[in-house]
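Common to both upcoming complexes is subunit A, partnered first by subunit B, then by subunit C.
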Partner chain A sequence: MAQTFEEISPADFFYRNRDIAGFTNPTRAIFTAIRELVENSLDAAEQIGVPPDIYVRLTLEGKTTHGTEIYKLRIEDNGSGIPPRYIPAAFGQVLFGSKYKLKQMRGTFGLGGTMAILYGQITTHRPAYVVSSTGGARIFMYRLMIDIQRNRPIILEKRTMLNKTGWRGTIVEFSLEGDYFRAMPKILEYFKQTAVMNPYANLTFVDPRGRLYIFRRVTTRMPPPPKETKPHPYGIDVELLQRLIQITDCKNMLDFLKKHFHRIGDNIARKFLEFAEIDFLKDPKKLTHDEIVHLARAMKSFPDFLPPDASCLSPLGEELLRAGILKELKPEFIAVCQRKPSTYAGHPFIVEVAVAYGGEIPRKNDFILYRFANRIPLLYDEASDVSFKVIHSINWRRYRVTPDMPIAILVHICSTKIPYKTVGKEFIADRPEVKKEILNGIREVARQLQRYLSKREYAERQRRRLNIFAKYLPKIAEFSTKLAGMEQPPDINGLLRSVEKLGLES
Partner chain B sequence: MVSNRKVSALERKKEVLENLKRFGAEIYKQMMLGRFPQIQMPSRSIENIYYNPELRQYVLGNKTVRRSARNIRHIRPFTQLVWAAYFAYELTSQRKTSTLRDVYYSSQAYEVPFKDQPESNSIITDLETVIGFSREDFNIFPEERSAVFGDLTIEYTVPGYEGKRLNLTSHPDGVMIGPALTSAEFVKTSADKVIAIEKGGLFTRFIEERVHEKFNAILVLTAGQAPRATRHFIHRLNKELELPVYIFTDGDPWGMHIAMVIISGSANAAHLRELTTPDAKWSGVWATDIVDYKLPTDPLTEIDIKRLYELQRDPRYKDKLWQREIKTFLKIRRKAEQEAFSRYGLTYIVDEYLPAKLEET
Partner chain C sequence: MAQTFEEISPADFFYRNRDIAGFTNPTRAIFTAIRELVENSLDAAEQIGVPPDIYVRLTLEGKTTHGTEIYKLRIEDNGSGIPPRYIPAAFGQVLFGSKYKLKQMRGTFGLGGTMAILYGQITTHRPAYVVSSTGGARIFMYRLMIDIQRNRPIILEKRTMLNKTGWRGTIVEFSLEGDYFRAMPKILEYFKQTAVMNPYANLTFVDPRGRLYIFRRVTTRMPPPPKETKPHPYGIDVELLQRLIQITDCKNMLDFLKKHFHRIGDNIARKFLEFAEIDFLKDPKKLTHDEIVHLARAMKSFPDFLPPDASCLSPLGEELLRAGILKELKPEFIAVCQRKPSTYAGHPFIVEVAVAYGGEIPRKNDFILYRFANRIPLLYDEASDVSFKVIHSINWRRYRVTPDMPIAILVHICSTKIPYKTVGKEFIADRPEVKKEILNGIREVARQLQRYLSKREYAERQRRRLNIFAKYLPKIAEFSTKLAGMEQPPDINGLLRSVEKLGLES
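Right, the complex of A and B next:
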């Protein structure tokens, strides 16, 4: 039998492989859809430096023939809005996006939001509805479907309205199949953890039962926005080199290196070219394929490149992290630690770690672990995550801590390239450099926790002591007064004060 | 410390009250000066208990302990001690009596509860040490009661009975040695000796056989190990009435030790005086009696033998007689109860054995 060959479009590819994008089943799909759209909204607000206001509503529309439900999902934000000419592609074309840059954002692939809409279309055969304005004179409304085979949006309706109130933001609404009641715990957990990581955001969620969940901001301060960056030579590969050579207008290698790479100045460029035995003045476009392969290898082995700087990253910062934890977890004690920037394979990253103790943190048999990557909560596959492994490799007794204490540990990794193990963006691989930073961060906050616990224990002991004295001294005064046949009992307040002040011989 | 002078029971109570009051006043004074009160008292730890051959009893050495209300570990027992002193003062001045069990429960009414009976008992022992009197002197009595029978007239000092007299032959079961008798004054007696008996059965037999008349004796039932009130009572009979004391117990290490505690006291009471009667005699049943009278016996158990070896090393047992009897026990490896004499008839012990032993000791 003759084999048939066919080319499939990216949309078709993801349609056939929707598992890897997180649309495995109706439960997981509804969670992923909400998550992707919320993240797009957060990105859109942060991009213009506005504290996000995000409203999410999920309503039940009916049942399917196979026992699941059809829901309508609506998300409104106050973000950047989308210029009208990009709206159809942004939501109707897979692998179309504005975030293919080397700076930290939640979105990266140009896939998430569009996949959610694609999934909705497959399961309900209904169009999506998008309203957006960049704050200009007009508001744009589209009704779209996706031509899956051709990976192109089909515009069913387009309308333009006058923007009388100066509204800016985006509204997305579409129907999808799902199982909200199964997904509910994860969805609510997602909102709560998102609120921890975004203490400057207002999040509102109305669920299909009509319940209202509000996560209010406690600050309007936002972390400084990340800067765009050039690729670092340690993170380079042949593919990327070839692309850069294609687009460059530099006429010699010295200029080429200085212009297209991160932290290469004249001095380092010269040293490197000597090291790689490449002529300073060679035209990059004249490099042969073998020379390009050689160049890529040399970049990985040259020892004197400066480490990438972290200005392209946007960690939350210790103060905001503390505020987020305090507002959502309401613990008695928090220690936070932002590690210095580090790199793995030429990608800069920063680890932020926090430990929260007591208060409303529940007691479980194990520490509660909150994992975040580029401020996105990771809720699945905890046991495969590098943080989980690090936590369980630590000898906690050294910190006088046991897993049955009410303790939550939070690990946030931000990077231009998060070392996810899968496209599902759920857990982080064991990169030794990343592992080491997590370990050191946890050690630091554990030490602070230990200090706090022993201080608290000391204060508790002092309080108990004072109670004992306050209980017995009046009795001694009373009985000795009676025994001595006196009327006026001695004043014991001075003695109690000295107990408070001095501590005591034991 | 041991006084031969006859201290009247009433004077003694006065001294007890004064000591209790002085203790309270000392603490009061320290607190009025804005200090944490503290007290110093003789240590009752085992390293501070010595056998005093002159007094022929255990005494406390010079080591003292300081109890301070400033110390977190002391303040609770300190409070309990002050309360106990107050409680004892109230009891004694109102001439009421109480028991150790009572003390334990009473503390709860004052919100200075003891966690258990031993803790409460140990505070009372502290109070004895601090005040220098035994708890019976501040009207706290043990539960166990022993008895006395014989021609001794006493005069009560307890409320409601002041001036009332009683002859201790009035009741054929004997008269209980309780708080009222302990605090009574001795008026007169025709007896010329005291016979202390370990077991109730034999005590009754002696009364039935009129041992008190035949031998001119006051009979005291110790009912096993003599309670302190009984030891003090025997002490008074010996000191105030100058009567010699003879002790009859079972022929085994435990009987021997009942006699010894009456004679030389126990380490537990090293902080107290006037509980011992050093001149009292152990009259039997000896190990040598078992041999001489061919008494029916039981074999010594392992525990009996272990106890004998302990007693052999005990300083109170260093006299020739005791050492000889211990050796004999260890040799014959047998023991006998007082009732063993019944094999020769019910009156044999009174008619034959008793006169012989009183003669011998």
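Right, the complex of A and C next:
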């Protein structure tokens, strides 16, 4: 019996394997759909330097006969908007998007929004509705579906409207099968954690029961946006080199290196070409097969390239991180640590760590761990994540901290390439360089927490000491008065104050 | 700053995200490449009912400058061969293959072999070499590479040769960066476990040091091959319905249901159409949007469809499972249990469980767990796998078994759709239906093991008892003889025999 062969489109691949993208079941799917669209909206606003205003509304449309519901999901933002010629493909074609650059970005695979719409279509067979404007004279509306077998959008309706108010932004609305009530805790947790990491954003969520959840901004300050960067030689491979050679207009190797790579100046370029024994004036387009392979190997082994510069990255920064944590978690104490930039496999990354103690932070059996990557919360597979492993490898007794204390630990990694394990972005793989930064960051904030707790404990002891004095001294004074046959007890306030003073000094 | 949009091909997507497919680093990559190709070869032989003969050779070609090596990987099989017109796309195009059917198959995503070649190309920039014949008059050879940006094969050379010996099979050879010495334990473990699950296959592996590892078949009996099946109504969705409607040549709903779905006969079809309030004679191609959605919902909720038939599946079977375990693990005792077929989400599955005790099975801190899905070994992420969780949820003391005993547990799941978590096929998700079957299977073999151990313990006690008698009775006889002043001690053999007989009866 012969084998029969066929080709399938990327949309078809993800239709058959939607688990990979986080659309495993109606509970998980509704969570994933909301998060993908919120993240697109955050990116769209930050891109133009505008504090994001995002409105999410989930409405019950009906029930399926197998125990789940159909919802309409609507999300509206004040971001950059999408030019009309790109709208159909941006939502109706898998592997089409604005995110295939070397840059710190939220949705890494360019699948997100389109997968959500694909899932909605598969489960309800209703079209999606997109309205967008880049702030110009017109607003564009599309009703569309995805031709899954061809991986192409099907435009059912298209309308152009006058943009009288100069509105700018994007509205996406579509129906999907979901189990909101099971997903609710994760969805609300997602909004809360997103609010921590984006304290300059207004997030509004209206749930199917009409309940309103508002996460208000506490600042309009935003970190500088991430920048696109050139590839670093340590992260190069032959395929990438070939593409650069194809598109370059440089006529010699010296210019080629200086133009297309990260942090290669004239000096280093010359040193490298000597090391690699390649002629400075060689035309890159004339390199043979083997010469390109040789060049790639030389780039990986030349020891004098400058390490990747993290200036393309955009960590949240200490001030905003404090603001976000204070806003949402309301602790008694916060310690924050931003590690110096580091690299893995030619990609720069920065780790930010925070610990929050007391206040409204609840006590649990274990530390509460908040994990973020490129400012998105990671809410699943905690136990597989490198941060979880690091935390459980630490001997906390050194810091006089126990897991039953009301403590939350927050770890944020930003990079041009987050080492995720799965497309659903659930946890981060074990990279030694990353692990090291997280470990050192946590140790730093743990030390600060330890100092705070010691001081607190000390102050607590002093207070109890003073209480005892304040409780018994008057009695002693009274009895002594009687014993000595005096009328009036002495004034003990001076004595109390000097005890207090002594206590503060010791 | 406007967003810029672009499209990327599936090959490009997996080039950028090769971690997803198991090509995370040189150690993991060389393991994944070998397994993907071995699994293709096993499928190719089983397809034509031929016991597989597979030869794998790994040769060191050179060193890279960053501490890893370049290997040439060659794999040769006696399978069905690939028709020449399909060879370039089968290896040079991502998402092209023979595995996009509803069937129990090893490589689930149609990525496997092509990803290995893609990885080889990215890391060495050398072409791949494929030779194949379906047993006809000619043998076809291709040298090819992948155009990653277009997701198309680039044919560098093509040759046709006369097939004088009537050879049939496929040879794949290509270079890749790898770290064999780190990967070696997993690679050897992979071959061993594959030999357990395929006792009718000859596997030969020659490692870079020239060491030969042979896993010889112990039988030519093979289980019947898996069969392609039609979709079951409980697993239907609107997209799938639409495609069936598009391709059908049935003119009415009654025939449409009977022809395109699994186990819908005339009777059930009529009952269903009444339930769904759809006219029997309606032309499926005339169904509207909303009617298709209604039909999908009705299919999911109609309670009287027969459950999926597992006749399309091909479990290994008790006899072959014993043969494989005996051959590779050489235990003292084996218990096997094949559970009745079950289903999840409209997909049939069968769980087979075995326990092996003693003999050459080593003692460890915990049970040794072997996990298989559609006859391929799963060697990573054990702790996340449903089988691991089930084993650790069992109270083994009930079975008088402790984890330090020399025990291996084997769990095999076969299905038309294995609920993997990631594309790298490392572990199986927690599905309640699957969990239940594994749990009951393990309980069954645990009971058998308990009975065996009890008998052994009992036999052991008896032996010790007899030893004591055999040791002391002669002495007692001797002393009694002296005490009684007799010359000759009595014959105690009769007495020993009756003690033994008493022991066996009690």
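Going forward, the second predicted complex is superposed on the first by the 502 of 506 C-alpha atoms of A that agree within 3 Å, B and C clash if a C-alpha of one lies under 4 Å from a C-alpha of the other, contacts with A are read in each partner's own complex, and residues count from 1 in each chain.
As a convention for this text, contacts are C-beta pairs under 8 Å (C-beta built on N, C-alpha and C of every residue); 3 or more make two chains touch, one makes a residue touch a chain.
From a predicted model like this one, the values you see are computed outputs, not experimental measurements.
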**Report entry** First, second, both or neither for A:Thr64, with subunit B first and subunit C second
**Finding:** second
Query raised in the report: Between subunit B (first) and subunit C (second), which, if any, makes contact with A:Ala137: first, second, both or neither?
Result: neither
Requested in this report: Could you tell me if A:Leu156 is touching subunit B, subunit C, both of them or neither one (first, second, both, neither)?
Outcome: neither
Query raised in the report: After lining up the shared chain so the two structures overlap, which partner does A:Leu281 touch, if you call subunit B first and subunit C second: first, second, both or neither?
Result: neither
Query raised in the report: What is the contact status of A:Leu212 with respect to subunit B (first) and subunit C (second): first, second, both, or neither?
Result: neither
Query - Touching partner for A:Ala459 - first (subunit B), second (subunit C), both, neither - result: neither
**Report entry** First, second, both or neither for A:Ile476, with subunit B first and subunit C second
**Finding:** first
Requested in this report: Could you let me know whether more residues of subunit A are touched by subunit B or by subunit C?
Outcome: C
Query raised in the report: So, A:Pro490: does it touch subunit B (first), subunit C (second), both, or neither?
Result: first
Report summary line: In the complex, the residues of subunit A that touch subunit B are 465, 468-469, 472-473, 475-477, 479-486, 490, 492, 494-495, 504-506
Query - Residues on subunit B engaged by subunit A in the complex (per definition of touch) - result: 20-21, 23-25, 27-29, 31-32, 34, 36-37, 69-73, 75-76, 78-79, 82-83, 85-86, 89, 110-112
Report summary line: The subunit C residues in contact with subunit A across the complex are 1-10, 12-13, 15-17, 19-20, 24, 44, 47-48, 64-66, 80, 82-83, 86, 89-90, 93, 95-98, 100-101, 109-110, 121-125, 134, 148-149, 237-239, 243, 289, 292-293, 296-298, 300-301, 384, 419-423, 429
